[in-house]
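Please find the structures below.
Two complexes, one shared chain (chain A), two partners (chain B, chain C).
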Partner chain A sequence: MSQYLLKRLGLTIILLWLVATILFYFVHLLPGDPAMVVLGGGEQHQPTAEQLARVREQLGLEDPLMVQYSRYLGGLIRGDLGNSFVNQRPVTLDLRIRLTRSLQLIIPAMVLASLLGIFLGILAAGRRGKFSDFFFSGIALTGFSVPVFVSGNILVLIFAINLRVLPSAGYANLFEDPSRWLSYAILPIVSLSLAPLANVMRMTRTSMLEQFNQDYVRTVRAKGVSERVITYRHVLRNALLPVITLIGMQTGILFAGSVIVENVFNWPGLSTLLIRSIGSRDYPVIQGTVLLTSFLFILVNLVTDLSYAFINPKVRYK
Partner chain B sequence: MKRNVLLTLTVLLLTAALLFPATQVFAEPQSGGTLRFGILRDPEGFDPHINYGTTSTAVQGNIYDTLIEYDENGEFRGALATDWEMEGDQTYIFHLREGVEFHDGTPFTSEDVIATLDRIKDPETNAARHGRIAGLFNYEAIDDYTVRIVLREPDATFLHDLASFTLYIVSARDIENGMNFNRETNGTGAFMLESWEPEGEYVFVRNPNYWQEGLPYLDRLIQIPFQDDQTRVNALISGEVDLIEYVPWQDFDYLDAEFSLFTHESLYNGIRLNHNREPFDQKEVRQAMNYIVDQQMALDLAFGGHGDIKSGPLQPAGSLFYQDELEGALLPDHEKAMELLAEAGYNSPAEVPPIEFTVAAIAVHSDTAEVVQEQLQAFGLRVNWRTVEVSTMIENRTSGAYVMQQDGLSMANPDPDYLRFLFHSRDGSNHSVGVNFENERLDELFEEGLKTIDYDERKAIYLEVEKLLIEESPWIFLFWRPQAEAAHPKVQGYTTVPGGLGMYNLSRFNQIWIDDSVQ
Partner chain C sequence: MNRFKSIKRLLKDFRIIICGLFILLLALTAIFAPIIAPHSFSQMNTLDRFSGPGPEFLLGTDEFGRDILSRLIHGARLTLIISLGAVAISSVIGTLAGLIAGYSGGWTENILMRLMDALFSFPPFLLAIFVIVFLGPSVINLILTIGLLYIPRFARIAHSSTLLVKELEYVEAAQALGASIPRIIGRHILPNIFAPIMVQMSLTLGAAVLLESGLSFLGLGPPPPTPSWGRMVQQSARFMQMSPYGIIWPSVIISLTVLSFNIFADAVRDNLDPRLRQ
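Let's turn to the complex of A and B:
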């Protein structure tokens, strides 16, 4: 087990180095001059060539690319992601703030999606072919196929503009004012959970149905065990394995995929930071955000793989 | 009889009550209350000498003051300077306001003005107005409340620099103490920054020692960034905020009916023509382009008809140098366009080589460009679309790597001298330098216009400039595109500055008050 863990951790580091390197060169390939953004250049203002050169010098962009790369990698090893070009704040500081905010949506959304998804999946599997199966499957299919910018805006229209029971968009600090936080967070959490919920539900249903057809179920049934015990003690346990993989993957996806929800509900999390930093060619922030997202994605996958061992004693890593 | 009198009185009173229901127009400004303001994006930083884009002016402009500012007519009025006079053509004397204090209680004196100019002059600051201030001949404090500024040459645009949103006065003591202006604030303005979170709420409180007696009315001002247009509009409609900027034009009509809408024209849409590339190497073809394109139709289709095309070609209606004479000078005229093409040696539009049209992938540009492309194709020209990133579009301006490029621009101030930075052969960093555009007469006029102080003389000079520009047609001149802020009807005292100065609307929240009687 520990050997396996070491191997996986080694792989993680290599993966991160690869991501960091590709990222570094891709970011520098982006058209556009960060110095222009720092000086407020754009549709409305044209800085002089000397000013641009001076800022490029200050930002270290005049050095050869290899020098910049080694400086960046050296910083990474020390845990220093550099300072934002635009507001000069350390990138790690902003990432910490943003990650906390994003997690405030992602964790509740995933918990909601998992619990409700598994529950509805069991329900649908138990009543295969009946009305409630079609009903829940239908809802799942809708949740799965309606894009978030539609469902999110519909939720805003109903709850914020027509009923006026919830604010339309915004953010409040969870630790300072939890009730206000909840009023802001509830709609984005629901929107964010829709797609994974539908996925989890479908996967649970399929996986359960597959298990119901297995020989051991017939054996247990022949022994006269009640349907309830069969469902929850035998079938569910075996059926959950692929569901957990799916939940892990969906959580990883949410780290990068909460972008539209954060945009629609004006939630200032990681994705909004990424979009803004790309727009302003803020290299250190782009690199930091993508690196953190990749790291979380890899981490979630690792945790998912390891959790198999606890659920299914048959799986023991060597 | 008595009963009749009573009845009449009652009816009269009721009628009066119905006719004048606590009319807003007559209401006295009320003090107190909070204004929640939805802004376009995170202000990023607070340095009052750096240009972070218009959104930041709402932060910088309410914390800090300039020496002079624009009034509701777009003309200068005193702010931290009460008044000023000129000695000759190049020397300005400013008399400073006495009894003004910075937020930390330090009194404001001429020392602060000098230290501010020094800070902008220091290249390390990366100040937006660095070039302008570094180019001054001299500036000095005569006494605690008088400052003399001497220019190298007469410059009719100098006062605009002083009124601009990157020339806010900071305290000499803060500079000395090495304050981080990007993260800390200390101005003389109506509001003090109380707390902020990146991309969260920026909370301002009333400055109790503000130099304008009785102002500001608001107790608190909270600015919240909403990047998404629809989200920002939703926030206003649902009551989450009371005021928003950058209203998408699709929502103009609805918000105008149900809320208060403040429209203005501060941004110009036009199309650059590269006169080094075929077919625009021939002046007649460039001229023909201006007669093929129907500006009104482009504005109708791309911006729902909101905005202004009357301008001819480059001054918004309502600005000081708007030239009535040129109104309608560029109306579409396909016959004339045909003649011009024939003069250039093309007997039909189909003979003109295909034109590559570079367009940045932002709606305010591409919507316009699509209409123009349609119009050119309907005329028989071949136009190939090339989508680029915004930053590539901006780089193209100085590299000239385009044949025809959709673009947009704004004036930093209402002075027509901004055209010099487009079309002067050497100063034209925004156009001429990229494509080596040169017209000797234009250069002369620009230089003369800059030095001339008399308004009528200047207006005549810029009339000739605009006529020459129509003649040369270095651009397809289109229209001033619409921009707007929208507010809940309870928000009173919001003023817009005319003549392309819309960006200054947001830096004057000292006059805004909340009418509690409006729900």
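Let's turn to the complex of A and C:
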């Protein structure tokens, strides 16, 4: 187990380094001069060559690429992502505030999707070929085919415009006013959870059905154990392994979905920051946001793999 | 051979027929868009803003009085060009990388597959946003970006399937006969790993449509006046209270398109994978 742990940790560190490096070279190899952005250069306003040179000097853009690269990596290790071009504030400061708000949508959506998805998956597998199986499977297929901005807008149309029971967009602080927070958060959470819910449900169903065909199930059944006990004690335990991996992989979908959901519901999280900084070409903020989400994505996958190993003795004792 | 048989089996599945027909119809619509579209996609009829479905404008008009149906028809072009182009790139490069990695093993395999892991560890949508912001949202850039993002999907599937197939006797026989490596890979391995790749192609097409419409929704799609489904949703969202049609029709068409690609993939998998066949 400890050897597996070390190997997996080592791989993760290499992966983090690769991602950071790719991102760095990406920003530097692409056309566009950051100094122009800092000076607000555009078609109407052309900064002079001296101004440009001075800002480039300040930003350290005149140094050799390797020097810039090691400075960037060093900053990363210390948790320093540089300052915003627009308001000169440290990028990490804004990222921290925004991330907690984004997680207020992502974590509940993840929990909702996992629990409900597994439950519906078990239900559908138990009724294979019957109407409710087709019904739920059809809904699930639709669930991950409908874009988040569509489901989000449909929810707004129903609950905010027609029924007028929930606000259509906005944000309230979770810690100061939880009930108001819930009224704002519920629609984004639901629309965010639909796609992962559908995926979890489909995976649970397939995985359960595969397990039901195994020999051990026949043996248990021959012993006269009830279907209920077979389902929950034997099949479900084995069937959940691939589902756990899948749930980890859903974080990518959730982060992607949150970009759009925050946009639809005007939620001041990471993504709204990203979109705003795209508008102002604020490269450090854009880079920081993508880096942070990728890191989180990788770390969540690490945790998933480790918990998978912990649950599955086959991996643990290898 | 049984390639004929499998095509015949596929055509018996009603899901394949229905989704295939829908996709074919969409493709034809996209190709003949200027001929089929009843109106111009950009002509503004200021007197007919927000009109509902009727004989003149079959699906109604948007906030500028533009015909929604004609805009959807032209939008199909953009969506299909981008998703087909992207999937063409990712499937060819990804499959090739997976085949080479799986067949050669050793360092080549290690480097190629770790590279794929790295590419896979970016949340795709964010990476797409990132790249498009820097490169600018032209059709070519969108195709290249989305294509790049989906390479690992194909590489992983081709890699794991190749590992299974290359141990089989007929591959060994071909090697013993002195067949060249490209011939072994192309003639003996590729045809036998094609089914899972085809399923992945259909799934990825669905994902690419979602990604493209999501980017357009955020305003990172090809710039106006080219009509795109995602941007139609975005622009109409503000006017939802005045007229829901501007947002309903593009939403429906995006969802149906993605749904058909996904159902198509499901059906192909069910029919070609002997374990799932009932």
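Keep this in mind: the second predicted complex is superposed on the first by the 269 of 318 C-alpha atoms of A that agree within 3 Å, B and C clash if a C-alpha of one lies under 4 Å from a C-alpha of the other, contacts with A are read in each partner's own complex, and residues count from 1 in each chain.
Methods note: a contact is a pair of C-beta atoms (placed from the backbone, for glycine too) under 8 Å apart; a residue touches a chain by one contact, two chains touch by 3 or more.
What you are looking at is a predicted structure, and each value in this text was computed from that prediction instead of being measured.
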**Report entry** Partner chain(s) touched by A:Gln68 [first = chain B, second = chain C, both, neither]
**Finding:** neither
Query raised in the report: Can A:Val264 be said to touch chain B (first), chain C (second), both, or neither?
Result: both
Requested in this report: Please work out whether A:Met36 is in contact with chain B alone, chain C alone, both, or neither, and reply first, second, both or neither.
Outcome: first
Query raised in the report: So, A:Val290: does it touch chain B (first), chain C (second), both, or neither?
Result: second
**Report entry** Partner chain(s) touched by A:Ser307 [first = chain B, second = chain C, both, neither]
**Finding:** neither
Query raised in the report: Touching A:Gln214 in the superposition: chain B (first), chain C (second), both, neither?
Result: neither
Query - Which of chain B and chain C A:Thr92 touches, first, second, both or neither - result: neither
Report task. Figure out whether A:Thr48 sits in contact with chain B (first) or chain C (second), or with both, or with neither. Result -> first
Report task. Scan A:Ile161 for contacts with chain B and chain C and give back first, second, both or neither. Result -> both
Query raised in the report: Once the two structures are fitted together, what part of chain A is touched by chain B and by chain C alike?
Result: 30-32, 153, 156, 161, 263-264, 275, 281
Report summary line: Touching chain A in the complex, chain C uses residues 114, 117-118, 121-127, 129-131, 133-135, 206, 210, 213-214, 217-218, 220, 230, 233-234, 237, 240-241, 244, 247, 251, 254-255, 258-259, 262-263, 266
Query - Residue ranges of chain A touching chain C (in the complex, touch as defined) - result: 14-15, 18-19, 22-23, 26-27, 30-32, 141-142, 144-150, 153-154, 156-157, 161, 251-252, 255-256, 259-260, 263-264, 274-275, 278, 281, 286, 289-290, 293-294, 297-298, 301
Query - Complex interface listing, chain A residues touching chain B - result: 30-33, 36, 38-49, 51, 54-55, 58, 86-89, 94, 97, 153, 156, 160-161, 164, 167-171, 173, 263-266, 268, 272-273, 275-276, 281
Query raised in the report: Inside the complex, what are the residues of chain B that reach chain A?
Result: 41-42, 44-45, 50-54, 123, 126, 128, 130-131, 182, 197-200, 224-228, 230-232, 234-235, 237-240, 267, 388-392, 394-395, 397-398, 408-410, 412, 421, 429-430
